[in-house]
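Below are two complexes that have chain A in common, paired first with chain B and then with chain C.
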Partner chain A sequence: MDMDEVQRSIQEDLTQLADPLSQMEYLLACARASQGIPPEQRREEDLVPSCQARTWVITSWDGGLLRMQADSESFLVKGALALLCEVYNGRRREDIQVFTCRLLEDPGFTGRLTGEQRKGLASILERLHEEAAQ
Partner chain B sequence: MIDRQQIKAALLARKEQSAACARQICERTYRGQEEFALLFRRYLCGKFMLELEDLDTDDFYRICQYSVEKASLYPPGSIDAAEFASKCGGATTATNKKVLFIMALRRELHIPITVEEAVSVDLLSQLIAICYQKLEG
Partner chain C sequence: MTEYFPILSTQVNGSPLLYYDNAATLQMAAPVQEAVAEHYRTCNGNVHRSSHAMARSTEERMEAARETVRAFLGAEYPEEILFTSGTTQGINLLARIYEDQLLQPGDEIVVTALEHNSNFLPWLEVCRRTRAVLRVVPLTPDGDLDLEAYERLLTDRTRLVCMTWISNAIGTVNPVERMTALAHQAGAKVLVDGAQAVLHRPVDVTRLGCDYFAFSGHKLGALTGIGVLYGRRELLDNLRPPFFGGGMISTLEGLHPSYAPLPYRFEAGTPNYVGAISLGAAIDFLNRFGIRALTAQAETVLNGIQSIVLAHGGSIVGNPQVRAGVLSVLFPGVHPYDLACILDPFGVAVRAGHHCASYALAQLCISETLRISPAFYNEPEELPQFEEALERALHLLGIAAS
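For the complex of A and B:
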């Protein structure tokens, strides 16, 4: 699936689950299934500055493809990051540059997150798009 | 890669379980408070992805906490501790669940529980008694 298809599929899942409690359980289950970043690999320099909960994002580019790992002490943020990783991980720079992420505007995705957490996720996406443009 | 289809299927199955309990509550098929309490507990289990045997405490917040811990496979107490320590600027995930459950009672069971009542509820048995009284009182 391309980035748009993955995004659409996540939004369809959330729409199908419909109520806020089920959508929250979905994020929690995604957090649990996420590999995250092992504690020994979490470095200060990988902390996302605008996130209040300690949140780590590690990116690298391998043959023009994004490699992304993410984790957070907020379990809901961790679930949201797991889904963003599914959308962005392994994608080409040019695909990321033309992609518009609409998940942060989806109430099913961000409805249980605080304003600060949403800002933190937005700053991570901004960074990914900036890196893709370099 | 996360198996989202499996996650969604499990959630939809539990959603159906709680919807079936909600229908029985709304249609008043229970006989007496004891049967209502069991239906209510099954409804809660469907919502929180728990089993009846998981409800081994009457502390409602602890049940909310436990459901988050079970969903995350984290050790008891560790999620709240991490979230408090992270100064995340919002409620804990367990508090969020408590609020969402109260909202679901209003929306799906049509139980007009007030904000004051919701805040004052500490025990699951208290919540069940309030809901029963509102439906039958």
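For the complex of A and C:
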């Protein structure tokens, strides 16, 4: 599936989970399924600034494809990051450059997160797109 | 009590609201709401400016509120009551005065490690600007102030001691009367941040002996945007206003202003007179029951919450000698933000974070907590719902952690 299709699939899942508790259970399940970043590999320089819960994102480019790992002390944020990884991981620079991420506008995705956490996720997306444009 | 607070009958995601974030703001009682509405229905005019009936009536109500606050604080004179926009602005007003008029390089200001940022950052900045020295009273491992260290910090260069009465982060109740006496012995003045204390302790600034006292109206169920800075008259009389605008001069002859008497010279601009009226109404409402009785009710619920937290594997941050108003709690392997988020759809309203007291938490080697702060309108009958919500939230998070 391309990035838009993955994003739509996530949005459809969240829409079907109409109540806030189910949406949070969904994020928590994504957090559980995520490999995250092993504690010994979490570096200060990979911390996302201004995130209320300590959150790490590591990106690299392998053969022109994005490799993204993410983790957070907050399981809800970790779940949200897992979904972003599902959209962005393994994608080409040119695909990322033309992609518009609408997940942060989706109340099912961010409705349970605080304003500061949403800003933290927005800064991560901004960084991914900046790296893709380089 | 719920009859006075219709908002407490709200449902959140189908669950009854358990509003346990009263340290952030207290809900407004129906009589206070009615006082605000009645004001706008019957007599609204700007104060200290026009002479028509609307203005005169509004002015009378505002000054009546000032008198209500005076009595509530146990102050001697109404002119010692300065209306501000809140604790933060009141403290910043005093900080600006100290910066401009009362500090020399090498002077010292003492704050405590328990301070909310509103009573920490202004003094940090004032000391930076004036080259005065900021001294911080450290904490004991239990979250009390280290009073021996406090005494050692007081010198003949100490100009002002700034202390919170009750910590908004961990609930420590400080011995402000004793600390004030020690500060005065050293020749220093004392500012007490009473933002949390006004709902949990009867206030008598004369008995406390403090020179300044600040609090916010919304912590008593008044409108936001109104607060009070109390200052002893003999001190305020000798201070120049730090902010300027309408309503704070007696005369202006050419370029020579003559400033208005107290309190108006410190209330430049249109005051939040509706806020003041709401504050008077909020105090009148609370006085029907008495702060001691209201505190006892809140403490009953707080103790019940503490038992539930401990029974479910949580820990209470700090073990001060005296605690009031708030519990900061931690659960192993659970981020406070996650717990607060997941409690919300069960109707439980609490706060997670550093509570604008990150310095205090850092002294206890903590960065965030879940803060629970019931008030007098919460009831022991709510505790089973709280316990069930906590159990379900922890269960969900336990699954995520596995």
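Basically, the second predicted complex is superposed on the first by the 134 of 134 C-alpha atoms of A that agree within 3 Å, B and C clash if a C-alpha of one lies under 4 Å from a C-alpha of the other, contacts with A are read in each partner's own complex, and residues count from 1 in each chain.
As a working rule, contacts are C-beta pairs under 8 Å (C-beta built on N, C-alpha and C of every residue); 3 or more make two chains touch, one makes a residue touch a chain.
In this text, all values refer to a predicted model and were calculated from it rather than measured experimentally.
Undergrad: Look at where chain B and chain C land on chain A after superposing the complexes, then choose clash or fit.
TA: When both complexes are placed onto chain A, chain B and chain C end up clashing with one another.
Undergrad: Who does A:90 touch here: chain B (first), chain C (second), both, or neither?
TA: neither
Undergrad: On chain A, which partner touches more residues: chain B or chain C?
TA: For chain A, the partner with the higher number of touched residues is B.
Undergrad: Is A:34 touching anything from chain B or chain C once the two structures are fitted on A? First, second, both or neither.
TA: After superposing on A, A:34 lies in contact with chain B but is clear of chain C.
Undergrad: With both complexes overlaid on chain A, does A:75 touch chain B (first), chain C (second), both or neither?
TA: both
Undergrad: Give one of first, second, both or neither to describe whether A:25 is in contact with chain B, with chain C, with both, or with none.
TA: Both partners.
Undergrad: Looking at the overlay, what does A:107 touch: chain B (first), chain C (second), both, or neither?
TA: It touches nothing on chain B or chain C.
Undergrad: Looking at the overlay, what does A:64 touch: chain B (first), chain C (second), both, or neither?
TA: In the superposed model, A:64 contacts neither chain B nor chain C.
Undergrad: Can A:13 be said to touch chain B (first), chain C (second), both, or neither?
TA: First partner only, chain B.
Undergrad: Counting contacts the way the document defines them, which residues of chain A are shared by the two interfaces, the one with chain B and the one with chain C?
TA: Of chain A, residues 19-21, 24-25, 28-29, 31-32, 52-53, 73-76, 112-114, 117 contact chain B in one complex and chain C in the other.
Undergrad: Spell out the part of chain A that touches chain C in their complex, as residue ranges.
TA: Within the complex, chain A touches chain C at residues 19-21, 24-25, 28-29, 31-32, 52-53, 73-77, 79, 112-114, 117.
Undergrad: Going by the contact rule set out above, which residues of chain A touch chain B in the complex?
TA: 9-10, 13, 16-17, 19-22, 24-26, 28-34, 52-54, 73-76, 82-83, 86, 112-117
Undergrad: Mind listing the chain C positions that touch chain A in their complex?
TA: 13, 335, 337-338, 341-342, 344-346, 353, 368, 396-397, 399-402
Undergrad: Across the complex, what residues on chain B touch chain A?
TA: Touching chain A: residues 1-4, 7-8, 10-12, 14-15, 47-49, 68, 71-74, 79, 82-83, 85-90, 93, 96-97, 100-101, 103-104, 107-108 of chain B.
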